[in-house]
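Note that subunit A is present in both complexes that follow, paired respectively with subunit B and with subunit C.
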Partner chain A sequence: MTQSENRLILSDFEKDALKEIINLAFGSASAGLADVMGMYVFLNVPVIEVMQPEEICKYIENEISLSKGLNVVEQYYIGKIRGMAYMVLSFENVDEILTILGLKEIQKVQSYSHDILAQETIIEIANIIIGACVSKIAEMLSDVVTYLPPRYIGSDYSLEAISKELFKPDSYVIILKTVFKFEGKEVNGYIFLVNTYDSIQWLKDSINKFIEAYI
Partner chain B sequence: MSKRKVLVVDDSLLARMAVKKHINAEAFEIYEANDGAKGVALYKEIMPDFVFLDLTMPVMDGFKALEEIKKINPNALVVVLTADIQIKTTEKIMELGAYKVLKKPPVKEEIENTIKEIINILERV
Partner chain C sequence: MLNSFLSQIIDNINCGIVVLNPNFEIVFWNKWMEINSKMMAEQVLNKSIFEIFPHLKTEKFIKQCKSTLLFGNFTYLSQKLHQYIFPFKPIGTSNEQIENMQQTCAIFPIRDQDNKVTHICITVYDVTDLVIYQMRLIELSRTDMLTGINNRGYLEERLMEEWERHKRHKRPLSIIMFDIDDFKKINDTYGHLAGDLVLKTVAKVSQMKLREIDIIGRYGGEEFCCILPDTHFRDAYKVAERIRLAIQNETIVYKSHSMNVTISGGVADITDSMKDYDELFRCADNALYVAKKSGKNRIEILTKGGH
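Let's look at the complex of A and B:
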């Protein structure tokens, strides 16, 4: 997509405003995550990209090394803003999270399957962070969203298949990305919110209402 | 009497506008920077009376920018505006020597009261 096509969807100022909204939303999400993890959470500056559905898969794969496998959790949100949220963590990161939470010890004592415990843990983390982010964005834009339960899609995920199912091939999607890190730990995770084309006009209007109220 | 100088550092134009609307432009000269590094450079150049500083920014984040500003002027009055509501964030910012932490989005009364407090401090010095 050219820069001018990109601007037709969201102007630079609208993107700037959306970035600020996401910043506010992820600020709340990080506090929830810090409570659960018992440690400080760093968030990077969010990135907003507009692209076509077939580009999503390539984009995410370019962002994250797939060489050592990934854990992916998806969660569908439905409101005036609608789309799919993905939380992506590497396998090593999940191991580190289990250690941080003291779950590795519990696993040994109570003989839980490592894989099940890992899945349940990251689903819960995804639920907290995605819920906090999306709900806050919706709240700031005067929307209410409902969620389908988060689903673990593991390392054999096919974003291509998911994007075909959810997004019309000739439409555009808005990707909102942020990276979170835990203090003193080598744990980096990604959150992607992929919004459908039919929510873009509503999103544009709502961002402009937000801008009017904000400044 | 020359106007007091205020520096607003935030990567978001919208956020800078939101802070600026609560600062009386007739009483203050307002300067802006859109990342921490530019904010520190501008601080050194203009030596403002006080600063509004965001935390999550590209190039140099607000934590580092605050540290650098305090190296230039240990008495710098820096108000940090952040959406990050973790207690540890606030503690860290205060340890670095911020004057105050305000939650984003900025609230008119909080910005105005903070400016009044700072003016009182500056007038006593």
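Let's look at the complex of A and C:
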């Protein structure tokens, strides 16, 4: 996709404004997460990209710099803004994550293996972090979103199966990427919010309303 | 009209619905909750949920609710991690392994006209039947059908877990590999059914000599493996000797034939220089090879440094 095509979807000015909105939302999300999780979660300045659905996998692959196997959780959100959130974490972080949740070691419960229980824990964390980010962005844009249950989509990085139903070929998506890090912990991961084509017009209108309120 | 519809739906839906205010007081309790908790709505309304269910007053549960109140997000409490939120007895299900109804719960926000989150709603789904079914499938996938002990896949899974645990806590870990001496002769002389009976007996006798935390499995053919967590190789050797003697002393009767079988075994323990758990397997397997070469019906130890 060329730069000019990209600008047709979202102008540089709109991109900057959206970045500002998300920064404000993430500030509020971080404070809330500190309250909920008992530690500060740093959310980096977001990166905003416009692309076609076919480019999503390659983009995410290029953006993440995690060496070992990956944990990927996806969660569908729907309001006026609609899309799929992906949280990507390295396998190396799993034990740290359990400590964050106050679980030094997963208790063997019934017949479930350690891996299954670790996955479930990662799903719960993803749910909270994705929920905080998406809800606060929606709040800034006067939207209310609902969610489907988060789904662990694999330890083998398998976004190849990214929803064709949701992201129609030959359309466009807006991807918001951020890196998060827990204070004082060696855990970082990525959140990608992939917004569908049908929410782009609403998003543009909301950005412009937001800008007008400050001019 | 709509209200009447809604109230009938809410009362008849096969799912628990509880609504809490930000002070964690119960403001709604549907019929499903009444039936399963054996507490009528009048008994619980306006009371703190922690007064009715003190076990819920945990940092984790409060965090989950707070997250919904603060962000307006949905929180899902999976059965696999939590088993249940409300300690209800399963109705009409009898399974000794399951004491309480297994539940998958969700917490979602309830907003006022200005979109402010004013309450949270907890929905409770009974997934006990599914869990029982799942447990059976898991059990089947781990069991060696002939002997009833663990299969090789599960053995490897557990050894990997124990390996990781050793890396974290530096606790000792040993394994025993053993196989039945001259098993082919038994099959050739008495037939495969006799061989099957021998395998079953060896599995049963060995299992009886192990602790509950030990893991025994059929590694393949007439070869068995025991994983002994928190055990140094010297103690593992004693266990292997106990198994060897017990099997030697067990007379197996097939039709009118009495048989006595022996085993040879190899013991190995984990060392810091081992790269992966396969190396531990190989060490025990090499010790087993030495036991075979040294005349059978004996146990050998092989550590990374040699005998």
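Here is the rule we use: the second predicted complex is superposed on the first by the 193 of 215 C-alpha atoms of A that agree within 3 Å, B and C clash if a C-alpha of one lies under 4 Å from a C-alpha of the other, contacts with A are read in each partner's own complex, and residues count from 1 in each chain.
As a working rule, contacts are C-beta pairs under 8 Å (C-beta built on N, C-alpha and C of every residue); 3 or more make two chains touch, one makes a residue touch a chain.
Worth saying up front: this structure is predicted, and the values here are computed from it rather than measured.
Which partner does A:149 reach: the first (subunit B), the second (subunit C), both, or neither?
second
In the overlaid three-chain picture, which partner chain does A:43 touch, first (subunit B) or second (subunit C), both, or neither?
The first partner, subunit B, only.
Looking at A:120 after the superposition, I want to know if it touches subunit B, subunit C, both of them or none. Which is it: first, second, both, neither?
Once the two structures are laid over each other on A, A:120 reaches subunit C alone.
Where does A:128 make contact in the superposed view: on subunit B (first), on subunit C (second), on both, or on neither?
So A:128 only meets subunit C here.
Could you tell me if A:112 is touching subunit B, subunit C, both of them or neither one (first, second, both, neither)?
second
Between subunit B (first) and subunit C (second), which does A:96 come into contact with in this model arrangement: first, second, both, or neither?
neither
Which chain, subunit B or subunit C, ends up touching more residues of subunit A in the combined arrangement?
C
Considering only the defined contacts, which subunit B positions touch subunit A in the complex?
The touching residues are 11-15, 17-18, 21, 56-58, 82-86, 88-89, 104-105.
So in the complex, the part of subunit A that touches subunit C is made up of which residues?
Checking each residue of subunit A against subunit C gives 29, 32, 35-38, 95, 101-102, 105, 109-114, 116-117, 120-121, 123-124, 127-128, 130-132, 134-136, 139, 142, 144, 146-147, 149-150.
With touch defined as at the start, can you tell me which subunit A residues reach subunit B in the complex?
Against subunit B, subunit A makes touches at 13, 16-17, 19-20, 23-28, 30-31, 34, 40-41, 43-45, 211, 214-215.
In the complex formed with subunit A, which residues of subunit C make contact?
Going through subunit C, the ones touching subunit A are 59-60, 63, 66-67, 70-78, 80-81, 83, 97, 106, 108, 111, 115, 131, 134-135, 138-139, 157, 161, 164, 168.
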